[in-house]
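Shared chain: chain A. Partners: chain B in the first complex, chain C in the second.
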Partner chain A sequence: MTADAFLFWFLAIVTLVSGLSVILMSNPIYSALCLAMTMVGISALFVTLNAYFIAGVQLIVYAGAVMVLFVMVIMLFDLKKDLQAFTRGRFTGAVKIASVGLLAGLVVGAIAMSVGLLNEKTTDNPVLVGTGMESTKALGNILFSKYILGFEALGILLLVIAVGAVALARSKGGTHEH
Partner chain B sequence: MGMGKDIFEITVNGLKLVVIFLMMVQAVPILVWLERRGSAFIQNRLGPNRVGPLGLMQLLADAVKFLTKENFVPDTAKPLLYYAAPVFALIPGAVAFSAIPMSTPIQVSAFEMFGSTWGPYTFLVQGYDIGVGIVFILGVSSLAAYTLLMAGWGSGNKYSLMGALRASAQTISYELALGLSIVGVIMLYGTFNLTEMTVAQQGPLAFTLFGYTVSASWLPNWGIFYQPLGALLFFTTAFAESNRLPFDLAEGESELVAGFHTEYGGFKFNMFFIGEYGHMMIASGLMALFFFGGYGIPYVSVQEVQQWAASIGYGSGLVALLHFLSFFVKFAVFLWIFIWVRWTLPRFRYDQLMDFGWKTLLPWALANTILTAFVIYIASL
Partner chain C sequence: MNTEIFSNIGLTHYLVLAALLFVTGMAGVLLRRNVIVLLMSIELMLNSVNLTFVAFSKFLGILDGHIMVFFVMTIAAAEAAVGLALAVSIFKRFNEVNIRFFEHLKG
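What follows is the complex of A and B.
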């Protein structure tokens, strides 16, 4: 086994184990910390693919900011009551079954779509153009030309979310009113 | 980004990582001594001056004290997180610090050893060269918030938790302004790579605007003359990121005892301390790299130094040494400013801190970004 293969398997196992721990841990804080670990693992996998920019952004945005907020919020609340509300009941059961279906669909879809992909030559992939600045430049060019509509739509979506969060935070009550 | 092509190169590169880590850790006691003597100087006191010459042996005494303290875990703590937090506190600092280029590469020509020919090699004076240096450093150091949260929550103490929440909220808030404040620098040099940035800052100040070439031979070609606002914003947010005064709300003694590390003593506390100083060192190193020419010697370019070294019969070793000294001087100046500010400015109130981060630093950083983009666009016409 080459060093690259070893690195890949090691990182893949770490990422998958921490991903599984997210749903297997009973304590939400450990779940959130495991999710952060998963993000770091994914970022390291990006590094092994020479996608340094995406790896760094993954670290900054997901591991460094989004998950920190999750962990912070979970630490602030006493979640025992919510935990019970989410482990019993007909509604929760329906949600669970729906999630299993969704996951199964995702797995099947991912496998079905990636079967042909492994043998294909992906030269227009911006990640493969080169390391460092070239791949970042290619990514930027493709993002602001070919995928500009999706990019702008995501920007508007994020703006709506930000406005919505502020509106929710201003209204009295919220989710944890007793 | 490999470690090397044969066993010698891999060994040297591995040793380099160890040396850089030890350099970071070993600089901490010296900085602590400097901080205590410096604070005493600022406050018209003497400071530690009894143990050894100038009190230098105080560091050794402190280390022995830290190591021999009782290993203590509070009853309400979560042992796993409680023990993991100080270890994790070292990682982001060490990993990010290794990515900072400290000098020009050292060339080793081919030589004979153990009956075979080795080389030639080129060794970088940095742990590893990652193409997107800045993004990597920002990404890794943003993970530091977890150690605070783990320590605060794992200690099972209300003061610790409050301190951790404050600290991580502050880190996240100021990270935005920090990231935006260097976008101008990235646009200016057109690269994420720290070495390329250093190369772009060589020689005397000269640039082209509206077809006119502006040059000032009495100023070095440093980033601070192009991005003064960016430099100010970056340095300010760097203070907040390393949780130093005037932004050390996380350990406001009068309110929170010692914040997230209230329950830590002995060597576990010391590791948090090393982590904090590690962030200071990264901030100082980046400040030197972005705005003060990195390892470049003012007014002269690396090529000129190489020619001069060749003319007196020395190779890349002397060139690397000179550039390392140049980097070290800048680095040390910024570390001293960190210490100086800590003992000069009072602490912010929490609402002032948040207002300052979100309503002052962030808009100014955005304005700096947009202004820089316009100027670069006009200059490129």
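What follows is the complex of A and C.
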């Protein structure tokens, strides 16, 4: 087994186990910590795919900013006991788990069946293989030329979201009086 | 015993891993009652989609997938901010962040 394969399997196991822990832990703060672990694992998987810039952004934005936001809100709420963490009803729970399992089987089966159709692997593409700087430079070029409209739209979206989040947090909550 | 699948990592491995992560996040959305854990599960699903984008970008040699990951990340951060603001507003009203209190929000 080569180092690449070992790295992939190690990261896959870490990511899957911490991802499962997110939904199985009944204390939200443990869920948040497991989610941070998942983010770090996915970032490392990006590195194995030669996406160095995306991996850095993933670490900064997700494992940094978004996780701090989640942990701050959890600390604000002071949720020591999370009563009834899971949905009620044994039957509906069984139906939900069955539907999730069905979806997993469908997706994995579809991927396994379509492997033969995806045989044009151009892994030796000069853009994506290199020291990483070429990839980042090409990413910047394409972001500010071909996708400039989307980039500007994202700026406007972030402005709207900032205003909307402040307005939501300042409101009294709910739309009608009790 | 065929050990090719363990030693030769290809696109399929990344796709299957991303699919399993996505399904995990979906199970979290369906099964949990806490709004914050629900938002975390949604983040998990978005991350698995990002993994799919980057894997295809690497194996097809096109950089457009990275751009899409960029956009998805920004929108996910914005969605987390709005969702958490909603959760704060729910909590201020009901002292609880269970998903069943969201039905009281309708006007």
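Everything below uses one rule, namely that the second predicted complex is superposed on the first by the 122 of 178 C-alpha atoms of A that agree within 3 Å, B and C clash if a C-alpha of one lies under 4 Å from a C-alpha of the other, contacts with A are read in each partner's own complex, and residues count from 1 in each chain.
We adopt the following convention: a contact is a pair of C-beta atoms (placed from the backbone, for glycine too) under 8 Å apart; a residue touches a chain by one contact, two chains touch by 3 or more.
Note that the coordinates shown come from a computational prediction; the quantities given were computed from them, not determined experimentally.
Participant: Quick check for you: in the superposed arrangement, does A:140 touch first (chain B), second (chain C), both or neither?
Facilitator: neither
Participant: Quick one: is A:69 in contact with chain B, with chain C, with both, or with neither? Answer first, second, both or neither.
Facilitator: The answer is both, since A:69 touches chain B and chain C.
Participant: With both complexes overlaid on chain A, does A:59 touch chain B (first), chain C (second), both or neither?
Facilitator: Only chain B is touched by A:59; chain C is not.
Participant: Of the partners chain B and chain C, which touch A:33 in the superposed model: first, second, both, neither?
Facilitator: A:33 sits against chain B, while chain C stays out of touch.
Participant: What is the contact status of A:12 with respect to chain B (first) and chain C (second): first, second, both, or neither?
Facilitator: second
Participant: Output check: A:96 vs chain B and chain C. Expected answer is one of first, second, both, neither. What do you get?
Facilitator: second
Participant: Touching A:112, do we find chain B (first), chain C (second), both, or neither?
Facilitator: Only chain C is touched by A:112; chain B is not.
Participant: Name the chain, either chain B or chain C, that contacts more residues of chain A.
Facilitator: Looking at chain B versus chain C, the one contacting more residues of chain A is C.
Participant: Looking at chain A, which of its residues have contacts with both chain B and chain C?
Facilitator: Comparing the two interfaces on chain A, one with chain B and one with chain C, the shared residues are 53, 57-58, 65, 69, 76, 135.
Participant: Can you list the chain B residues touching chain A in their complex?
Facilitator: My answer: residues 1, 130-132, 135-136, 138-140, 142-143, 145-146, 149-150, 152-153, 161, 164-165, 168-169, 171-172, 175, 179, 190-193, 196.
Participant: Mind listing the chain C positions that touch chain A in their complex?
Facilitator: 6-17, 19-28, 30-34, 36-37, 39-41, 43-44, 47, 50-51, 54-55, 57-61, 63-64, 66-67, 69-71, 73-78, 80-82, 84-93, 97-98, 104-107
Participant: So in the complex, the part of chain A that touches chain B is made up of which residues?
Facilitator: 29, 33, 36, 40, 43, 47, 52-53, 55-60, 63-65, 68-69, 71-72, 75-76, 131-133, 135-136
Participant: Could you please specify the touching residues of chain A with respect to chain C in the complex?
Facilitator: 1-2, 4-5, 8-9, 12, 15-16, 19-20, 22-23, 28, 31-32, 35, 38-39, 42, 45-46, 49-51, 53-54, 57-58, 61-62, 65-66, 69-70, 73-74, 76-77, 79, 82, 84-87, 93, 96-97, 99-100, 103-104, 107-108, 111-112, 115, 118, 120-123, 125, 127-128, 135, 138-139, 142-143, 146-147, 150, 154, 157-158, 161-162, 164-166, 168-169, 171-176
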